[in-house]
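This report concerns only the one structure given below.
Chain naming follows the written order as A, B, C, D and E, and within any one chain the residues start at number 1.
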Amino acid sequence: MNDGSTTHQPLLSVRDLTKTFSVRHAGKTKTLRALDGVSLELHRGETLGLVGESGCGKSTLARTLLMLERPDSGSISFGGVDPHALSGKDLLDFRRRVQMVFQDPFASLNARMSAGAIISEPWRTHRSLYPSSRDRAARVRELLHLVGLRPSDAEKYPQEFSGGQRQRLGIARALALNPDLIVCDEPVSALDLSVQAQVLNLLNDLQQELGVAYLFISHDLSVVRHVADRVAVMYLGRVVEGGATEPTFDEPLHPYTSALMSAAPSLDRAGKREQIILEGEIPSPINPPSGCRFRTRCWRATEECATVTPPLVHDDAAPGHTAECFHPLQPAAAAAS
Amino acid sequence: MLYFLRRRSLTSLLPLLFVLVGVFVLARLTGDPTSLYLPESATAEQRRAFAASHGFDDPVWKQLLHYLQGIPHLDFGTSLRTGQTAASMALRAFPNTLQLAFATMLISVVVAVVLGSWAAYRPNSLADRISSLLSMTAGSVPDFWFAIMGVWIFAVILGVLPTSGTDNGLLSWVLPVVTLCVRPIGVLTQVVRGAMVSALSAPYVRLARSKGATDVRLVTHHALRNAAAPALTVAGDLAVGLINGAVVVETIFGWPGIGKLMIDSILQRDFAVLQACVLLTALSIFVLNILIDLGYALLDARVRETVKA
Amino acid sequence: MTATSLDLDGATRPRGDVALDVENLSVDIRTPFGTVRAVDSVSFTARRGETVALLGESGCGKSLTATSIVGLVDPVVDIADGAIRLDGEDLIGMSPKRRRAAAGPELAIVFQDALTALNPVYTVGTQLAEPFRIHRGLSRKEARAEAIRLMERVGIPEPESRVDSYPHQFSGGMRQRLLIAIAVALSPAVLLADEPTTALDVTVQAQIMKLLRDLREERDMAVVLITHDLALVAEQADRVVVMYAGNVVESGPVDAVFSTPKHPYTKGLLESVPVAAERGADLKSIGGAPPELSAIPSACVYQDRCPLVRDICRTDRPPLREVAEDHAAACHFSEEVSR
Amino acid sequence: MTTMIDPTDGVAPETGATPPPRSGRLSMWRLLLRDRMATVALVVLVLIVLSTVGGSLILGDKSNDQDLARGAIAPFSLDHGWLYVLGSDKLGRSMIARMVVGGRTTLAVAVPAVLISLVIGSLIGMWAGYHRGWRETVAMRVADVIMSFPSLLMAVVVLYVFSPSASMIVVVLAITRIPIYLRTARAESAELQSRTFVDAARTFGTRPTAIIRRHVFPIVLPTLLTVATLDFCYVMLAESSLSFLGIGIQPPGVSWGLMVSQGRQYLQTAWWLSFFPGLAIVVTAVCSTLLASWVRIATDPSQRWRLTVPRKAAARRRRQAPIVEGEVS
Amino acid sequence: MSAAPNLESARNRPRSVAFGLLAVGLALTGSACGVSSSSTSSDFGDTVRIVLPEEPPSLEPCDSSNTGDGVVERSNITEPLTELDLATGELHPLLATEWKKTTPTTYTYTLRSGVKFSDGSAFDAEDAAFSIDRTVNNTELGCFVAGYVFGDEKVQVKAVDATTLTVSTAEPDPILPLRLSFVEMVPSEMSTTEKVREPIGTGPYEIKKWDAGQKLTLAANPKYWGDQPAYKTATYVWRSEGSVRAAMVKEGEADLATQIGPDDGAGDLEVQFPDDQTAALRIQGYIPPLNDMRVRQAINYAIDREGLVKSLFNSDTTIAEQLIPEGITGFNDSLKPWPTDVAKAKQLIAEAKADGVPTSTPIRLVGRSAQFPKIEEIIQVIQKELTEIGLNVKIEMVDTKGSTELQQRPFPKNPGPYLLMIQHGNQAGDAAFSVDQYMLSNGFQSAFGTPELDAMIKSAEKQEGDARQAAFEKVFAYEPTHVGQFAYIAHMTGMMAIASGVDYKPNVNTENEMHLAEMTPKK
């Protein structure tokens, strides 16, 4: 798989994406910076894991990529074009190529529609895809089979399925338009452990089979570690660290990534380990700290962290592994570029 | 607070203006009242003079402009029927309706809170079913029918209450207030019950229960205040609707309130009085809405923050 | 930041007295479609100073067990059978008055959803003071002082100024601290924590779990941790009770259960955790889905998903039997379950 | 959420129980039959509709048959034939026949008024709620304008201008009730438009009208129908009030409200003239309220268990003393 | 997070708001109780309590021919120079002791001396001249009396001395004294630009307190020139429901209730009395098919007046045969009511139809709601009867405004054929007031007429004495057979409820002016 080198044009490229919301807070209108200069790249057939705690902006990023939100600034390039500049047929074509799997398999399926209707709903907009009803019926059966459901399930309603089966339905719906990229927003976090494994396996198999790329958003480090080729760690609207999965998780540069890894409970009871317990909570994105976002909770913070945005540093040992930090945990070089 | 008042004013006074202009134009469409105010045998010249002296010969927009110009000077015109200023007639009638409405709402709220809480305390119990059926019935009784049946039974047959009027002290209040109470009690009891049922099954009540709080404390201390907001909303709507009821009740009981005055003014094409009444009613609804918003703030700190700002 | 050493060696600590003893607890739910048994003959004990985890997936009956213990079940729920003893006293047969007296000083619960569990219309100070007002009859002023002390203890900064704030003015983690503060206000013998960190971020979860741990030590409480998170159990609990479809399928010390599971369900769960598998490779997953409550098999509850299933599993329900010291499993073939 | 067929929510969620099997899903009919009061209400309503609509075909002429010699016959006597069981009015017309025809008029005003306001209000409401922004603001302001003045007075003014007729009453009542549906539909629609399955539809490029039609409308509908059932009661009372005040149905037309009004002057000599039509209004209104309240619970998954749960084992539960059952008896 | 003091205030403010609200509420209820207790039933015996259908709009004396005002005001608060006895049609002296025609166009009045207004000032010829001038010649006030009894006529008044007054008209006016009997005397200080709500008069009572909307109290005028009345005070309240008014007398809440109906339940407290009102159906006889005499006659034949009067009117009501009741100058006592003959009516319609008259055209039958008791029922009966003879009749109940539009000229354009229920009251006592309005071909409330009838009316109006009587009798005899604009229904009677403790004999004038001085407590 792709190791992050940019020999050919990436499928998706995000540059300096910024998105703010106006919120009413204590009676005044304030600006909430959900995304503050996010840059990402994603290649065909690759899985990019996006990790972060609640409020870090990862869902906003997903919604912006799917054009459910319009960014304030920055650019998105999908296959070389900015979808936000599209309209009409071109826009519809973009809609076809990028799909989403949602976190909540209960809420993301309309309980009043049968499984068949749910899966074929996209074709009611993209009519040219499967023009005849026989084609559509056949394709529904095919998709159900693909995600491990029975063709007869097309008649059933979402509430007649278990949580895992519903998520399979959601995946089938996302596949209905034969997309190039599927944004998976916490696709397994609402599922029980035993079912979660089934769905992760399914996603893995589909990627092998169809070559689809995933943007895999999760707060569960073990899941991301399992599925992602590369990861990006977000904190307060910024990507603070990114790179191939193993070096990023095993030898993190950024103290936040390290704390995150440490805080996650582990099954492994064999040895006692030092647990880093951060103080305080994530500051509000309405009024984020100056300089380094993480400095208020960081044990390595110094005065300079409060004034200037930290530089991008590269991991000496692993190419493509970068972080924004004045005091990286591993030996690292400041960005050359 | 100031911001809040300004916002409320903008959002509420605009509809008020709409209503006023709408009523003005509609009232003019009912035609020139000259023939009602002059004797059958009045001559054409007398009619023209009458119309001219009251401006009925002007086009409607001109009359409206003239009327609106008078408002800042608190000039709301003069009654054709009585020759008094429209404002004084409306202001004299208004307190009578207000007293009626206040007594009604006070009684309704107290009864509804007690009944509703009691029913919600044990959902599906016999008490709940009975009080639900009663409150639904109460919400479905036409007030005019209730009123005349009340008069018939209590004043005519039994002779224990006066038929009408305001001359018999508190006894005069019984039938009008009871009539007006019926629907609010019915509706409000159901709302309080519903709100209390959900409040009583809310997690914070379970938490309070896990602290060892008694049931009485759970109802009065934890659930009631949370259930108050929806009840307040409905109580506000009911208070506005009381004006509807007042029209009927005041007509039947000869209560000299604003509802009766408005109906009479419409019948008599006494436009100035009608408009003064409309203005006063709309204004009081505006004030009522502000009071309700303050009530929300009183109940809930989250609302208070938006009001305070 | 603080770096603390996780004490994962609970089994070696001296055990206190049995504070909570649940015996053959069975709970029914009346539904439109008939009565279903949601909790079936569940037994476990919790001693002072130890953490017992009730582990299971959604719908396995662990939360219902907890709410049955504290007596906060919905009207459609009936306790059908069994005994719940708090320091030897049966809770089910208790008078409501005695029950109320026990709620707080002897038995307390921390709820999962801190936002809705706190009453939005009262200040947190009022709510924190309530246990003292109810059980100790303290004056408003004294109770308020206690509330401030509590807030300080659970790590809420500037308690004097925040005591008059409302719940919505606190963050999720702070609200969870407040809930814990209310629960431990009167130093109960038994503290039930129902998924106390599920809604929280991992960094905050770590803080909350440390707080719970510290309070357990400090007040010598028995903590019953209800969770679906295996890793959390591994880190926090001394003993674990694994539930499936309303039944206890395995129980014992965490070390023993997690290292040598004696029930195929426990084993399947452990293998489903992604870290166990290589990236990109398939995870070992349990096929199928848990049964509906109304369709729980009469014999072995796990028969439909069990890789070891045999004829006897479809006819006889395996009893929960001791397979090692203090380690029990409900499987006909527990010896065959191995890593 | 208003989904009516999600059995997972059928059991109170706190119990954490898994859903009961779908095979046992109850049809609305069976659910209805379990609630005796709601069943009775429905039966009565159906009877009222049948007898007023069907009955006026048979009794339509009789309702205007005058016979001054048979004026003011007291009710509950078969001496003059079954048509006079409920007595006659001053002109000797059968009360039964007039009640039937009056009922038809009342229904013929209330039903179209409710339907018109339902359709207009919910369409605008769903549209405004889905799009939010200025559309929502404008729609809500319009609703405010209508709501900011007592509806009955507005109707009085309007009916005076345009002379009272049945169709005018329908229009006036419909307009004054539009905000009810508008607000309900807007609130639900605004909530639904932020739901994930709507987001999902957006990601396919589905147009707003299609989303409203496909995803919003079917979900909002039960709520709106509940409101409409309740509102039917209100509109009927409003029509009656207008007729009572003399600006509703005009004689020789007859409606229940008008009959109460006309009978008022005979209260001392012929009480039945006002009593029976008033009673008919109450019965119809109570039944529609009962039915509405049942529909509200039946379509609300978090409430529905109340209708279906068998009541038993109270003694045992009391010891557990869940708050809603309470131990104070 | 805000600092502590802010939080304090946040907590306390709502509480104080709550107290404020409660206080306002209590104050309101408090004042409410004050209102109601202030006017509890006063000492019986000294007070007569009267309940009217509506509140007097104002007591402006120059509007007193308006029944709602006059019934309270006339001869109670203010008095005219002379008083008309409707039963006999004669004028009696009141504030004038004598009057005579001194020239063809001038009348000279001699005023009663020693009369004082209730404010203590003396009444003299200046006041009388002022009152007449204010009522008749003032255009600004738009006096009801001017329009009602004087029309376009203007008068010159002159106070010759303190007790002598002359009134002149441009043309000779044989009934000028009759007209002048409608002018109430007021002090010359009264406003000539604005109507006065609470006037000063010379009557036996003065206004004591008027709680607008609630109650009007009159007290005996201590300076009254005549005998003091039996009741020291009189209170008026008003209820629109006849049954409520009746019940109030029955329950002892009032002593007298006016305008009640036969089914209002006053029982043996009901008192009937002759009235000046006549109910009739006016036929818009210039619009087909009503322009055919046969159709108009058929309508007359179809109505069963006897049945109507027996079951729906007050029991003393009589069937009408002409527009005015007995007692009015010009009443023709030889006329007989139109007979009921359904067969004949059907035949007439059939004939008309055969001649091409569009008898199936829908005809509007218009009645004014609450014009008199049971009008709705009466209209419904008539509709039924007219339908039976083959006409297509639709009922329309309208309000006052709606009926005046159809009743008075100019009539609406293209209204379609309509029949209008009218109730005409001649309180002036002379047929001229009726026929001028209702029978001239261009009369203000007349749909059509004939030149012959117009001529008969014009000449009758110029006559005096017996000649006048005879001339008008001819008019009334001529109209039904040659014009047929009306289907007369009934000469109405009034009905009131009088408590057993009050002695009062209502008369034909009672509905226009109810003299409190004639009421006495029964021993």
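In this text, a contact is a pair of C-beta atoms (placed from the backbone, for glycine too) under 8 Å apart; a residue touches a chain by one contact, two chains touch by 3 or more.
In UniProt terms the chains read A = Oligopeptide transport system ATP-binding protein; B, D = Peptide/nickel transport system permease protein; C = Peptide/nickel transport system ATP-binding protein; E = Peptide/nickel transport system substrate-binding protein.
What you see is a predicted model; the values in this text were computed from it and never measured.
The most distant chain from chain A is E, comparing centres defined as mean Cα coordinates.
Farthest chain from chain C (centres taken as the mean of C-alpha atoms): E. Should one ask which of B-E and A-D has more C-beta pairs in contact, the pair is B-E.
Mean C-alpha positions place chain A and chain D at a centre distance of 48 Å.
Centre-to-centre spacing of chain B and chain D amounts to 22 Å, using the average Cα coordinate of each chain.
For the pair chain A and chain E, the distance between C-alpha centroids works out to 87 Å. In this assembly, the C-alpha centroid of chain B lies 53 Å from the C-alpha centroid of chain C.
With touch defined as above, residues shared between interfaces to two or more other chains in chain D number as follows: 12, 14, 19, 160, 264, 267-268, 324-325, 327. Residue positions 58, 71-72, 74-75, 123, 169, 290 of chain C are each in touch with at least two other chains. Here chain E touches chain B in the complex through residues 10, 14-15, 17-18, 21, 25, 28-29, 31-33, 35-37, 39-41, 57-58, 60, 65-66, 139-140, 142, 144, 146-149, 151-152, 194-195, 197, 212-215, 237-241, 244, 247-248, 250-251, 253, 265, 399-401, 404-405, 407-408, 433, 436-437, 444-445, going by the rule given at the top. Residues of chain B touching chain E in their complex: 30-31, 33, 35-43, 45-46, 49-50, 53, 81-84, 89, 92-93, 95-96, 98-100, 102-103, 106, 151, 155-156, 159, 162-170, 172-173, 251-252, 254, 256, 261, 267, 269, 291, 294, 297-298, 301, 304, 308. Residues 53-54, 162-165, 192-198, 200-201, 204-205, 219, 221-223, 225-228, 245, 259-260, 262-269, 272-279, 281-282, 297-299 of chain A touch chain C in their complex.
The residues of chain D lying in touch with chain B in their complex are 12, 14, 37, 141, 144-145, 147-153, 156-158, 160-161, 233, 237, 240-241, 244-245, 257, 260-261, 264, 267-268, 271, 274-275, 278, 281-282, 285-286, 288-290, 293, 306, 311, 323-328.
Listed in rising order, the residues of chain A touching chain D in the complex are 63, 66-68, 91-92, 95-96, 98-100, 102-104, 106-113, 121-122, 124-126, 157, 159-160, 170, 173, 177.
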